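Presented sequentially are two complexes of chain A, the first with chain B as partner and the second with chain C.
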Partner chain A sequence: MSECLLQASQVGIDFGGLRALRGFDLEVRNGDLKGLIGPNGAGKTTAFNLLTGVYVPTHGEIRMCGERVNGRPPHQINHLGLARTFQNIRLFRVLSALDNVRVACLSEARPLFPRERIAALRRRAGGSSPVASMMDALNNYVDWWRALLLTPGFQEEEQEITRRADELLAVMGLSHRRNEEARNLPYGEQRRLEIARALGTRPRVLLLDEPAAGMNTREKADLMVLIRQLRDQFSLGILVIEHDMKLVMGICEDITVLDHGVTIARGAPEGVRQDPKVIEAYLGDSYLAAHGMPVPPSPSNSTSETPAP
Partner chain B sequence: MPAWLRGLVPVLIAIAVLAVLQLLLGHLPFFVYLASIVGVNVILAVSLNIVNGMTGQFSIGHAGFMAVGAYTAGKLSFLLKDVAIAGLPAVVSDQVQFLGTLLAGGAAAAICGFIVGLPSLRLRGDYLAIVTLGFGEIIRVIVQNMEVFGRALGLSGIPQTSSLFAVWFCVFLVVLVARRIVGSTHGRSLWAIREDEVAAEAMGVNTTGYKVRAFVISSFFAGVAGGLFAHFVPIINPGSFTFVKSIEVVVMVVLGGLGSTTGAIVAAVILTLLPEALRTLFLQLGGLGAGVSLAQKVDQIRMPVYGILLVVLMLVRPQGLFGTREVWDLLPRWIPRARKGLT
Partner chain C sequence: MSDFAQHLINGVAAGTIYALVALGYTMVYGVLKLINFAHGDVMMVGTFLGYGVAQKLGYEHQSSLWGVLAIFLAAMAACAVMGFLMERFAYRPLRDKPRLTALITAIGISFTLSYGFQLDFGPLPGAAPRAFPEIIAPREWLIIGDRAVVIWNWQVISLAIAIGLMLILQALVYRTRFGRAMRAVSFDHRTAALMGIPVDRIIALTFMLGSALAAGAGILYAIKDTAIQPLMGLYVGLKAFVAAVIGGIGNVPGAVVGGLLLGLVEEFVVGYSSSSWRDAVAFGFLIVVLLVRPGGLFGRVAAEKV
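Up next is the complex of A and B:
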């Protein structure tokens, strides 16, 4: 079995009184294609935010490539090989499609102190190391000087970054939008651009938050095929949040079901589908409400979407 | 052409052009003075635009950094007035000292930028505005109360070693920095931060680091602008570096279009020349008595005029004159771009 890339054990977070996630366990290995489902407000996006470092967990431990990452800033976690997309699209709106991906492709840059070396220093220091931070800062000042002087090495590097960004646009079928501002792209293409951008950081694990939201049935089916293809082409571990149960069942080999922040089921699609707890969660009040069906009056019914990242 | 030379070509051209202009126009005192004032304001606007426009932060203390540069460079020049570098002709020695003091002024401002920026740029939100506002006032109070800086009377007798060439070469440099850094992938990260900080972090951009660096560079050029200023005005005093001055630069950046270097340049030129033009106009129109008092009023009505200008702008054209566009985006496609990959 391949090594575990991303591992969460007993992770939880409280927002004031609200326990948005509790006792969350997860393992993603190379080649995995896993699903995370649950009704609205179940805590799926919160789980992503915890894994990527947007929120700091109040309980439990998260490890990326064996390294404990609790409390690390998101960009450092990304440098360890974790990338994501966002449920409510967060592109760099005024930048062109190409530039959106180019920013992510900075992982291609060849800085003075290599990223691996800085990461190794941090690992040895058990999280934060002033020397590593200094190297990071020096890297960037040097890079800006190279940009200013247009040194040959810098020009090469820029070409390399652009070449790779073009490649990723092509993979996601967006080459024809190369020079268009991201905000002018149709919805479905914006979602795909987010994936291209995430791939630019050369991830080992990719988290996709409702990548098919707002797409029609055909687009969704195409996307699911594409996701499987990405996993093989870039040898990734992928974790997908998706609302559409049928869709997730189709491509995921392992599914985790959340409800009110608690993991209520886990396993192969067939097993999960028949789990009485899952049926209840999905056919219960929250499911009905989410699908616009009449809800029997109940005092404990909070399924609002939040504008959280 | 060897690759390493390509980056320097524009610099060489700029030096040649500016040298010719210096020879042709350098002896017209009023023109040089006006061009220097305009140039200093352009440097301030373009450098502030790197922070407020491109990175999407909000600094309102640029005059503070300008003051640090002006007093550092001015005081140094004053102290070195009677010292000459052995073996060099007096003119060359003066210019070398001038360059040194400019760099010292810029460096002092950059260090202040780092100290001010690091804690406040870590946090999201309006902390930078509050801290820079405070910084500007603190610097002003400090110079107002220190004997070495001449208190409220200011520093006079600084050697007037500035020139048309020096000021506009610095203008050229700050524009080059804005264009080259921001055109690069690293610079695109600044825009990414402006657009969405959470997403930029998730894509591996060290947002705090980038913001601090942008702020340090911006502060450096504000310091250089101050240093230049100190070497062509007869006297520098705290009155030149008030909150009003900071706001003036912010208005230039907003008017030109947050993020547009072209816009910052155009707005800085207009907003510098307009009061001068009005003053001259009133003096011409009103004869002696009324004209002089009207001309004095120009300075007093500047703030309300800026206020009205901003309100009208927000109503009519909220993205500013140029939005985020640049003149060099309008160049025909067949002119080869400075760098491949620029869109």
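Up next is the complex of A and C:
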């Protein structure tokens, strides 16, 4: 079995009194294609936000490539190889398609202090090390000042970045939109551009937040093929949030189902599809009762209201 | 006609200085949505640092090519460091606080600097104006007609330096990785962070860049006006802020156009009516522009999509 890239164990977060997610476990390995589903408000996007460092978990631990990343800033977590897309498209709308991808292509620069050394220092210190942070800061400043002063090596790097961004646009079938502002692209293409941008950061794990939202049947079918292709071509682990059951069941090998912040089911698509708890979460227990299926007890923390008469 | 040409030249000379300072306002606003009211005072500090370096160099060296270069580079580098410190210790801790907090802090820094520099150091204490040394010995560069239009060498050199700085900035913002990152941060810093951009550092560098430009502008201002004093930052800073708003705050070419327009308007008012009308007309011009184009000349008005 390949090395575990992204690992969440017993992760939870409270917003004030509301526990938006609790006891969340997840493992993504190289080559995995996993799904995360659940009704609206179940905590799927919250889980993504926790994994990518937008929120700091109040419980549990998240590890990326073996490193504990709780509380690390999002850009550092991204540098460890975790990239994502967004449920509501969040492109840099005023930048061209090419620039959207180029912005993300930062990892080309040859740093003053090798990244492995900084990572090793952090690992040894068990999280954050002042020396590592100093080296990282110096790296960044030297790097940015090289850009400011336009040193000779810099031009070369710019060309390399542009070449790679063009490649990614080609993979996502967006070469014809290269110089158009992102906001002028049709919806489906904006979604693909977000994926291209995420790939620019050279991820090892890719999180896709409802990649098929707003796409028509045909685009969805293409997307399914594309997601598989990306996993193989870039040797990624992929985690997908998706509402479209056909898409999730079609491509994911393992599905986690959330409801009210609690994991209610996990496993292969067929098993999950027949799990009464999942059916109840999606369709309500009246559906189960009507079809003569057993009604499971509701999740412990759900503030289940009395059903309307 | 010759009057007109002369005012045009003087107006452009004044306008480029406003433009350089306005660039700092607009870049910081772009990445942080903060009006850094201390920016004008950074310019003042840059001018005083240049003054200090010129004093140290002495009369012999201060007007040599290397002397002038040293004055500019020292002031710009020191102000870049100051910009960094200001961002790191004054604004960064307030990043997630209500925007008003940072605004008040900016005003606080502004007053600290403009009154702090009145403390008793240097040969002339207090608010008294200091005579900035003639680091570029004035010479007539071009005389047209019977001294109807005179272009001074310092005007040409100032303009060349200002345009050079703007071109460098333009190249940085639109042709480099740093610039792309800056535009991305300015558009949406949360998403930028998730795409691996070290947002804090981009913001710090933006401050450093803006402050260095302000220092350069300050010295150009001192060459033009020859008198410098600790409160100059409040005044020039306010004008440059107006220029940035006229151009559309957050917009880099807008700041340049706004600065030039403001410089020209002021110069023509002074030339054709009276200097006491200058500020009234400058701010009147701002009001007119905002009435016609609320987002500034180059700004986009965010239309709410419903």
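One rule holds for everything that comes next: the second predicted complex is superposed on the first by the 280 of 309 C-alpha atoms of A that agree within 3 Å, B and C clash if a C-alpha of one lies under 4 Å from a C-alpha of the other, contacts with A are read in each partner's own complex, and residues count from 1 in each chain.
By our rule, a contact is a pair of C-beta atoms (placed from the backbone, for glycine too) under 8 Å apart; a residue touches a chain by one contact, two chains touch by 3 or more.
Keep in mind it's a predicted model, so treat the numbers as computed, not measured.
K.L.:
Return fit or clash for chain B versus chain C, each positioned on chain A through the superposition.
P.N.:
Here chain B and chain C cannot both sit on chain A without a clash.
K.L.:
Figure out whether A:Pro152 sits in contact with chain B (first) or chain C (second), or with both, or with neither.
P.N.:
A:Pro152 sits against chain B, while chain C stays out of touch.
K.L.:
So in the superposed three-chain picture, is A:Pro73 touching just chain B, just chain C, both, or none of them (first/second/both/neither)?
P.N.:
After superposition on chain A, A:Pro73 lies in contact with both partners, chain B and chain C.
K.L.:
Is A:Ala104 touching the first partner chain B, the second partner chain C, both, or neither of them?
P.N.:
both
K.L.:
Once the structures are superposed on A, label A:Asn88 by its partner contacts, choosing first (chain B), second (chain C), both or neither.
P.N.:
Neither partner.
K.L.:
After the superposition on A, what does A:Asn179 contact: first (chain B), second (chain C), both or neither?
P.N.:
first
K.L.:
Applying the document's definition of touching, compare chain B and chain C: which contacts more of chain A?
P.N.:
Answer, by number of touched residues of chain A: B.
K.L.:
Where on chain A do chain B and chain C both make contact?
P.N.:
52-54, 73-75, 78-79, 83-84, 86, 90, 92-95, 99, 102-104, 106-107, 137, 140-141, 144, 147-148, 150, 154, 158, 161, 197-198, 200-201.
K.L.:
Please output the residues of chain B touching chain A within their complex, sorted ascending.
P.N.:
3-4, 6-8, 176-177, 180-181, 183-189, 191-192, 195-196, 198-210, 213, 217, 324, 338-341, 343
K.L.:
Would you mind writing out the residues of chain A in touch with chain C in their complex?
P.N.:
52-54, 73-75, 78-79, 83-84, 86, 90, 92-95, 99, 102-104, 106-107, 137, 140-141, 144, 147-148, 150, 154, 157-158, 161, 197-198, 200-201
K.L.:
Quick one: which bits of chain C touch chain A in the complex? Just the residue numbers, please.
P.N.:
Listed in rising order, the residues of chain C that touch chain A are 171-172, 175-181, 183-184, 187-188, 190-202, 205, 209.
K.L.:
Where on chain A does chain B make contact in their complex?
P.N.:
It is residues 52-54, 73-75, 78-79, 83-84, 86, 90-96, 98-100, 102-107, 109, 136-137, 140-141, 143-144, 147-152, 154-155, 158-159, 161-162, 178-179, 197-198, 200-201, 309 of chain A that touch chain B.
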